[in-house]
Amino acid sequence: MIPALMSAILQIIIILALSPLLSGITKKAKAFFQIRKGPSIFQPYYDIAKLLRKDSVVSQNVSWIFHAAPIISFAAVMTAGLLIPIYITSLPLGFAGDLIAVVYLFALARFFTALASLDAGSSFGGMGGSREMFVAAMVEPALMLSIFAVALNVGSTNLSYISQTLSGMGLDALSPYQILAFVALFIIAIAETGRIPVDNPSTHLELTMIHEAMILEYSGKQLAIVELGAMTKQLLVFSLIANIFFPWGIASAGAGIAALAFALVVYILKIVIIGLTMAAVETSTAKWRLFRLPDLLSISLMFSFLALVSFIIVKGG
Amino acid sequence: MIEYLLLTPIITGILCYFTRSRKQVETISILGSTITLILGLSLVLDVYRNGIIVTWQNALFADAFSAYIVLIVSIISFVSSVYSIGYMGYEIDHNVIDLKRLKMYFVLFHFFVFTMLLVGVTNNLGLWIAIEMTTLVSALLIIFYSNKASVEAAWKYVIISTVGITFALFGTILTYYAAVKILGETGDALNWTSLIAVAGQFDPMIMKLAFIFILIGYGTKAGLAPMHTWLPDAYSESPTPVGALLSGTLVNCAMYGIIRFYSIATKSTGPEFTSNLLIIFGLMSLGIAVPFIILQEDYKRLLAYSSVEHMGIIALGVGFGGVYGIFGAILHMFNHAMTKSLMFFSVGNVLLKHGTKEIDKVSGIVKTMPVTGAILLIGGLAITGSPPFGIFISEFTILSAGFLQGHIIASVLFLLFIIMIFAGFFYNLSKMTFGNPKPGVTPGEVSRWTLASMMILVVFVIILGVYIPQDFIEMIHKVVKVVM
Amino acid sequence: MAEIVFGSNTMQLLIALILVSTFMILGSTRLYSCVRAFGIQSFLLACVAGTVAYSTGKDEIYIIAILTLLFKSILIPYFLIYIIREIKVKREIDLYVKISPSLIIGGVLVVISYYLIRSINVISELSSFALSASMSLVSIGLFIMISRKKAIMQMLGILIMENGLFLGAISLTYGMPLLVELGIFFDVLIAVLIMGILIFRINKTFESVDTSILKNLIG
Amino acid sequence: MSANYLFFGIIAFYLIGAASAIILNKKDRLCSYASFLIAALAALLGIIFSILVIFGDTFSYELSSGSYLKFGFFVDKLSAFFILVISISVFAVSIYSTGYVREYFGKKNIGYLGFLYNIFIISMILVASADNAVMFLIVWELMSVVSYFLVVYEHEKPETRKAGFIYIVMTHIGTGFIMMSFLVFIGTSASFSFGTFAEAGKTMTPLLKDIAFIFALIGFGTKAGIVPMHIWLPYAHPEAPSNVSALMSGVMIKIAIFMLIRVFFDFLGASQAWWGYVVLTLGTISAILGILYAVVESDIKRMLAFSSIENIGIILIGIGASMIFFASGKPVLASIAAIAALYHLLNHSIFKGLLFMGAGSILYSTHTKNIEDLGGLIKKMPKSAILILIGVLSIAALPPFSGFISEWLTFQSLLLGFNLNETFPMIILFISAAVLALTGALAAFCFLKFFGIGFLALPRSQHAEHAKEANTPMLIGMGIFASLSILLGILPFYVLPVLARIAASFTGNLDSFTFASFATFLIPSSMISLSTPAILAIIIIFMLILSVILFLINGKKQPVYETWGCGQPVSTSRNEYTATAFSKPVQVWFKNLYRPARETEATYSTSPYLKESFKFESKIEQVIERYLYEPVVDFVITRSRKLLIIRTGSIHTYLGYIFGTLVILFMFVIAGGSS
């Protein structure tokens, strides 16, 4: 009981600690690719600290939804964080939910953020919320198919079980359908974390934003929570990809301190690499028009479908 | 027994002629029809207890089937005479007719009842005479209002049905000839019983010919398509209670004739010939009813076409054959008589209130006349064969007979047609019953008499939908034995 | 036995004459002559009945013959003429089918019905002539009803069909039992009366007895 | 024996309710209390009865066995489950109704409503418990007819009459197909009793089985609202009084599902795999089409009706998967899929009832169903808002609410298709899983729009301005459902065993799930586990911690200011995002399906640059109605018009018909009289 609790808390701390860092690193990398100096990789920490100290100005039209939404979303994301293996496969709360549950927890978070976006009655908020849900709707089928593709490999959607089995497989895990599924899931990750070409996290032109437009009304410590939530979600999505497709080095249950430390380092490396790749993609592509996004996501849908079919052809049937 | 039954309506009619006041004529007619009902029921009981009754050197004859017809006729004539008092009373109050015509009406009414009872209880060749008499008497009832439309309707009615009937007579003669060849020149050649007994030996060719003539002849009277053309005119122009009698009982009498000869002909020609003919005519009647019901503008004609449809259904049931088929057809006769008269009564009230037969000029009956409106809806659902009303049971029985006897295509067509008819009928009905009432229509029902008669029928319609008494079933089974 | 009776030349002749009278009705353009022709036809029918009665020695058929004579060949024609007088109808009969075509059609109908009776071959060669004659009477009667516009002519058509039936009945079975025959006569009489009444009504309400204008009830 | 008393007690109670409604219909208030509260009482009895049967043994009772019409009752676990669903819904809805019908006081006849309401419930219970074909058809059609009269309760409105007409015709067509399907059985078994249908199903030839299957699918599918037989649903449900639509959408269309299960599994033995594919495909199509039309709908009740089509689709996906598994000899998986379907059925009956009641209370207090006129209701009617939010979260399948469990189960049962080891079925299952995922996301979109536009921000019209909180009985009714949909979400480990028993009654397998500590349930042989209580607990813990932290760092000061509008003040509702705009992206995405038609009309004052007013109208096309039904109707009408010419009115023609018939019949005879 106690060790389980300890490890859970440890995991929370790691997630919270790493997620601003990750986004800092990504920003820095983007700046580097764009031949800029860019802010320090610790900038996100400063921002959050600053925001937490500020009062939040609230619109006069809002209801309790507006105040509750950030908290609920953040809680949902963190809960998802407890279901995803970070650096160790044995999760204290792994029994509580599987990959699908994680997806739905993200959905819960998104739902409340979007709800809050409508609460202030500004047209930007509504626009952002509508677009966010739209993108989510487009992501969903591809996501589910790629989840199935992954799950088929081990015959379960239980995350720790997946990563354990795959890491056990060694290099055999790099099967063709696994790679196809990875591509699909990577595109989905772009959409989920709101990055170019789907969304531009660093824009300040209201008409082009999606996520930023949603949270336009937030300020002060509420904004801090929202931002932190977003970063955390990004980290979690990356670690999903990391531990589903490249599970090697992840520590399994009952590993010693040394092994854990090693696993942690490997994990950080993995997500940093993914972050860098993401930054590279972001700088190398331009933002797409909103109504071209279905094409992008149907590409990912095709990939995951191919992954499935090839799996069925190879293993099943 | 039978004599009294036949005499009562005649005497009532004559008495009605010699009355002085509205009160008197109404009381006499009610008394007369009540006695007719009682005698009829007692005759029915007698027949079901002691079997066939024959009197008047075989001229009068009553077996289970005749008794069944007598039952229908006496019930419907009773309720419809009750209804007449309300209906005609309303017309007198509003000076549509005067006392003289009222008396005339009741005289003819009871004569008409007499002729229809005669159809039930007469023996083979007399049947033709009786049916011709029904035509003549009812023609006088149809020209009751003697306006352009009614005269036209009456003329068409008389001419067309007389032609048909003439064919029927030819068929009868042929049958008689076939019988004489077997039985020789005895009076026996006229008896249903003796005919059935030897029907097997009749010359099939003659019987085929005879059945054709009979089918066209009595089919014209029963309103089977394409000989149905007189029917909508007659129904829509005659006084409503008479319309109820025509559609409830007269067509049944004609079907009775067809079925009688069917059972003789089948024995000699084999079932295929007669069944095919009946199925074809049944389907044709159903099919022709469909467009006229969908695009109907006159609600009395609507009912008329639905009668065509139901005669078709009865023909189908007999055509499908088998115990289920005949049973369903016989049961359907009763259900249809009850439900259709109910419908006529309720639209009669509507007609009195609105003074028009156009569907589009009527709406919101449930608000102006709640009871009539409700009954109209019930009757409409019942007549289109939706549960939980009697007609559904008989139609479903006929349908299953179709499947059991392997007439799959015919059954499917049958189902298709009744669904389309349901749609059309209910479309028109909902236009009439729902919505806001038309301006200038005074709320309130017509009279207690009309409601009373409708209530009696509603009971039949609903009860037979959920529960058929055992005795009634045995009764029908007796009839089925007679037919098969 | 039927063969013998209907084989006899008189019978053949009578039946032939009946057909001729029918064609007279078909061919004439005047109401009076139609009615007269009908009277003649009925008279011939009575003769047929008489012959049958004589050759079979059945007394009740005599009664039938007499009734026919009384009603069909005297009473009814008189009644018809009475009607025509009363309603002062234009003498000409206006028709859908002109005279000569209707004569041709009549002939065709006779042939068809003869062929029909043959093909059904209910009975042997000889008396089938009578039967086919009755068939053709029936069909020609119906044809007259279809092709003539005057209400009276339709009435006449029905009566002709009736005659045809009578002929058929006689030729097949020497008539029905008396009771039935009486009933039939009674009915025919009533029918004629009622049609008469109706014709008067039509004349009153439409100022004409042309049935081709009775087209108001549609739908 | 006690079961007898109980069962007939239920019927009797409803009858009393109906009778009292008629007797008291002069006094509105009294009448409403009498009829609806008695109904609620009867519903309680119904719950007890069905639970007795589910855990006890089958109840059957033969009535009037001598007569030609046999009336018998047969309640096994499956029908008991449906009686349970009916009773639960009826209980809450009846309480709600006592409040809701106050709107009609003085305007309409309450007695009529109460009477039909009770009869409607009786007919549904009888449908679930009929044991022979004739009785079934009678009560089935009674159900349809009574519900028709309930739909046209406000028959003064022409659109209501139209809706009612479409409804009754469609349902009648459905009944026709049901009849034919039954007649196929009767043709084999030569008996009307359902008991013999099962044997008939065993002995029938495959062709007959297929025919029976197809007819039953079309017939009951029409009632269930499966695409493409669904067109009556979006007409009928919105027009009915909201408490009735809650029952129709929540319960009545489920009865059709019940009969589908009955026919497919009990009568036909679910022997053909392709039946499963058909059902699965139809379910998938219904789910996606239903939600797609719901997303762009701005009449809230129509939207809910479309979403009912969607949820029926999800249920059918479960049933179809179960049929596939069953036909390919995997009873365990079959029962899991069936359980998923049953669970979703139960959930849907509850949260859809809740949402219809919510729509009812919106209608009650704002007198509009158009979402564009709503807004800001969360401040006017806070209690209803919370209850409706719960319903929204459940139908959007968000954890830990009830919808999540059943959709999760459906996904898992589809995923378990990989045990089939056949390529084709696996691909079918996975595709439908993908579509289901899309459906879920769109459902979230749709109901986010519903709640966000309808309840948040500023009122968009006078209607919404003067909205007031719904009255207590309505709140109680909705509260019952709201709490139920939370409980069903967090206590699956109590519900699942019961459903397993029921599913076992037709899939024949009992041990589908194993249960572990922390209220977890696992699907054996595949490590998959779920524990919504745990998830809920964690979420709550996090929320507490977070709010405490926020409070600790100077949580008091919160300056209030206008909403940001690029410097312009936007505190008027005119600047708000509209529902149409909100769902626009989806409309553009699927424009080939919607075929949207838009009309814009601007009036200018003086200069062409200053618009005086601007009118924007955009409507979408119901593809199936337009391209499947309208042609048929047109065909029938035109053909009928052509046929009318045979009625010339001239007596000569009529005589001609007779002559022609005579001639033709002669030919017939000469030909030998064999058609």
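Chains: A, B, C and D, in written order; residue numbering restarts at 1 for each.
Note that in this section a contact is a pair of C-beta atoms (placed from the backbone, for glycine too) under 8 Å apart; a residue touches a chain by one contact, two chains touch by 3 or more.
As the structure is a prediction and not an experimental result, all values here were calculated from the model.
Counted as hops between touching chains, the shortest connection from chain A to chain B is 2.
Relative to chain B, the most remote chain by averaged C-alpha coordinates is A. Between chain C and chain D, the centres computed from C-alpha atoms are 70 Å apart. Averaged C-alpha coordinates put the centre of chain B at 44 Å from the centre of chain D.
If you average the Cα atoms of chain A and of chain C, the two centres end up 101 Å apart. Remark: chain A and chain D have CA centroids separated by 36 Å (rounded to whole angstrom). Within chain D, residues 644, 647, 651, 655, 658, 662, 666, 669 each touch two or more of the remaining chains. Residue positions of chain C touching 2 or more other chains: 120, 142, 145, 154, 211, 214, 216-217, 219.
Of all residues in chain B, those that touch two or more other chains are 155-156, 159, 163, 167, 205, 209, 292.
Contact between chains, per the stated criterion, is found for A-D, B-C, B-D, C-D. By the touch criterion given at the top, residues 96, 116, 119-120, 139, 142-143, 145-147, 149, 154, 211-212, 214-219 of chain C touch chain D in their complex.
Every residue of chain A that touches chain D in the complex is listed here, in rising order: 52-53, 55-61, 63-65, 71-72, 74-76, 78-79, 82, 93, 95-98, 100-101, 104-105, 107-108, 111, 114-115, 117-127, 129-131, 133-134, 136-145, 148, 151-152, 155-158, 161, 206, 216-217, 221-222, 225, 290-291, 294, 301, 305, 308-309, 312-313, 316-317.
Remark: chain D residues 376, 378-379, 393, 396-399, 404, 408, 411-412, 415, 418, 421-423, 426-427, 430, 433-438, 440-442, 444-445, 448-449, 451-453, 456-458, 516, 518, 520, 526-531, 534-535, 538-540, 542-543, 546-547, 550, 553-554, 557-566, 570-571, 573, 575-577, 581-586, 588-589 touch chain A in the complex. Remark: chain B residues 155-156, 159-160, 163-164, 167, 205, 208-209, 212, 215-216, 220, 226-227, 229-230, 269, 272-273, 276-277, 280, 288, 290-292, 294-295, 366, 377, 381, 386-388, 392-393, 396, 399-400, 403-404, 411-412, 415-416, 419-420, 422-423, 426-427, 430-431, 434-436, 465-470, 473 touch chain D in the complex. Partner chain B is touched in their complex by these residues of chain D: 64, 66-69, 71, 134, 137-142, 145, 149, 152, 155-156, 158, 161, 164-165, 168-169, 172-173, 175-176, 179-180, 183-184, 186-187, 190, 636-637, 639-641, 643-644, 646-647, 651, 654-655, 657-658, 660-662, 665-666, 668-669, 673-675.
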